[in-house]
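In this document, chain identifiers A, B and C correspond to the written order of the chains, with residue numbering beginning at 1 in each.
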Amino acid sequence: MPEVKRKYVTPGELVGKGRYNRTSNVYQIEDKFYSTRVGMAEVINDSLRVIPLTGPYIPREDDLVVGKIIDHSAFAWEVDINSCFSSFLLAQSVFGRDYSPARDSLTKKFAIGDLVTAKILAFDRTRDPLLSVSGPGLGRINQGEIVSISPTKVPRVIGKKGAMIKTIENYSKCRLTVGQNGLVMISGNPEGIILAKSALDLINHEAHTADLTQKVQDLLSGSNNGEKE
Amino acid sequence: MSKLLNSKNRRLDGRKLDELRPIKMKVGVIDNANGSAYIEFGRNKVMAAVYGPKDVHPKHMMKTESAILKCRYHMTPFSTGRRKNPAPSRRETEISKIISEALEPAIVMTDYPRTAIHVYVEILQSDGGSRCAGVTAASLALADAGINMRDLTSGCAAGKIDGKVALDLDEVEDMEGDADLPMAILPNLEKVTLLQLDGDFSHKEFIEALKLAKKGCLKVYEMQRNALNDKYFGNEKA
Amino acid sequence: MASKKSLVVEYLKYEQMLKEISKGKRIDGRKLLETRSLSIEPGVIEKANGSAKVTLGNTEVIAGIKIQTGVPFDDTPDKGLLIVTSEILPIAASWAEPGPPNAEVIELARVVDRGVRESKMIELTDLCIVEGKKVLAVFVDISVLNVDGNLFDAASYAAVAALLTAKMPKYKIIKEGEIEDTGKQIPLVTKLIPVSTTMALINDAIVVDPTLDEETVMEARFTITTTTKNSICAGQKGFPGGFSLKQIELAVDTALKNGESIRKKIKKSVELAKKK
């Protein structure tokens, strides 16, 4: 068993000293590593990282995101993906290379206010994220409710190999689509949606605590017992 | 003839020379903001909020390699003794600038290219030392927003009243006293990022005030950490 | 004002809103004519002559009162001044930007002003010190801290609660035309308590105390200020849509009824604050 050291840290706090091959959310001065975020510091073997408890969504290529169409020009839709960058979905990527603004109507495909699940096609330091909606499960969302959580909590909502999502889906009988940008789409019957929402709320507020899985299971099963079908 | 200190070196509000006013801090107070904090520094009541990183307007302000920091220090009309005109004054414009420059060295600006980070400091009530309270609250709001930072920024002033160096002057002491030295530091990096001075210090007094202000900043830093702990780690503080 | 694109209400939510409204309910679980939870905290700013913080749902505002001497207007030499201003602080929303107030914010201040002025809550002649020369000016400054719809009512309740707890400096005339501050503070005399009720028209239904999402999709807005269970002192219709006469009657009934219950809450919070 590797030795694991954990502690809560705030920006500027010393996390560890020495040589580490893998680090995240820290900065280095000589052989000392300081946290750049509020979060849980974790040192395991040669890895030293801070798991942040709050922070904005920074897009990465291939991320699945949930977005809202907020504007369009003749050639692209502007999509709010809960990030510091406005992202765009090109008309060409939806209508094909021979897209013509005179013939094809953007608003017929996606109108302002529509929700979509999309993939980040391209993004780097020099340009705004480009989205794609081609692929299984991508495109317009036709039903359900959207819940916003901190993007830093997304890994906990998904769980190890998707275990947490599966737990919530099983108990609530809803389908969940978790965008890496912190927007979660829930579809199912109204009671199920309420149950799934309360589970997400719990994770959002207590993601850093021990035995989170147990707490979520207690919440989900407890509510189920309360209102037997 | 001494006015601000009694014979036992106690101040008008009963404080010792090296004593801070009562301070309260709370992180996460504005629902709409990405990060926010409220601080009471004696009778100063300050709210700070952070929006961003977000897209830059106007576009020509954009930097391709880093974020830009836009900071506004503003006093509400009811925050002062006589009503303050709501339009920004030259004093507020200057303080906005120095607060921004006190915060920026702590932020990893290059992590957010082509974006703007907005920091708003609203003085709901002022009572001497509002810029130090403001920079302290703003730094908490940035940490609450989860923006990458090398350190927090912690502010506190020292000054001179009735010929003696004292910590954290209130409004009366600032007006009637001999000198004021507002300061903010990055406590872990040991850098001074805000420093102003007005009044009359001898060389020796200045060094003494500088050291006292630093001590005050470090106490403020501990309270900032506690405020973040309260919001994020609750009772499970490790 | 920066882009308000972030305010686009997703179509699915809008549909859900309409569905609930057709069943007589709203997506936050309220009935059509139900207000959100309201908390009123007078006395939050010690340096002001009066102040109050109001939280209405997620909307949060602070009103501060400053009472200072001023010069009366030529046409009303025996009346004091009432000046209401408002600002949506940039901390309050991602689209709020510092700068001179725009039309929306000016309307907000003017509607609050009208409610207070027309209710005769304050007798402006009480504020005269030396006719034609010196009067007291009552500044009501409203700062919005967090925006989630219905700023009109939140600002109005904050202004009224602040005025009800306000104290003003007492002046005496020492010589003809010359006055002196006695250093004493006396309560500002107030009479009736104006209470505003704001309603939104969404898909031909009237909903009370709209949230920001509801305001984003509403067709029209109506604010009515009442002073007793039977009298109205101010009104303001806003936004491009139109009301039927029947809807206006319903709105007035609602405003009178809601006014009574809010008035009780304001009185209670003021009494509590005065005891402290």
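Going forward, a residue touches a chain if its C-beta (ideal position, glycine included) is under 8 Å from a C-beta of that chain, and two chains touch if they have at least 3 such contacts.
Just so we're clear, the structure is a prediction, and the values are computed from it rather than from any experiment.
Engineer: Sort the chain contact graph into one of these: line, ring, star, complete or other.
Structural biologist: Shape = complete; every chain linked to every other.
Engineer: Name whichever of A-C and A-B has more C-beta pairs touching across its two chains.
Structural biologist: The comparison resolves to A-B.
Engineer: From the mean C-alpha coordinate of chain A to that of chain B, what's the distance rounded to whole Å?
Structural biologist: 34
Engineer: Please tell me the distance, in whole Å, between the geometric centres of chain A and chain C computed from their C-alpha atoms.
Structural biologist: Comparing mean C-alpha positions, chain C is 39 Å from chain A.
Engineer: Out of chain B, which residues touch more than one other chain, so two or more?
Structural biologist: Residue numbers touching two or more other chains: 54.
Engineer: What residues on chain B touch chain A, complex-wise?
Structural biologist: For this pair, the touching residues of chain B are 34-35, 52-55, 64-65, 106, 108, 112-115, 143-152, 186-189, 224-225, 228-229, 232-233, 236-238.
Engineer: What residues on chain C touch chain A, complex-wise?
Structural biologist: Per the stated touch rule, the residues are 5-6, 8-14, 16.
Engineer: Touching chain B in the complex: which residues of chain A?
Structural biologist: So the residues of chain A touching chain B come out as 6-8, 10-14, 25, 27, 34, 36-39, 52-56, 84-86, 125-126, 150, 152, 208-209.
Engineer: Mind listing the chain A positions that touch chain C in their complex?
Structural biologist: Spelled out, the residues of chain A in touch with chain C are 68-71, 78, 80, 111-115, 141-146.
Engineer: Write out the stretch or stretches of chain B touching chain C in their complex.
Structural biologist: Listed in rising order, the residues are 30-33, 36, 43, 45, 47-49, 51, 54, 57, 72, 74, 76-83, 86-88, 118, 120, 122, 124-127.
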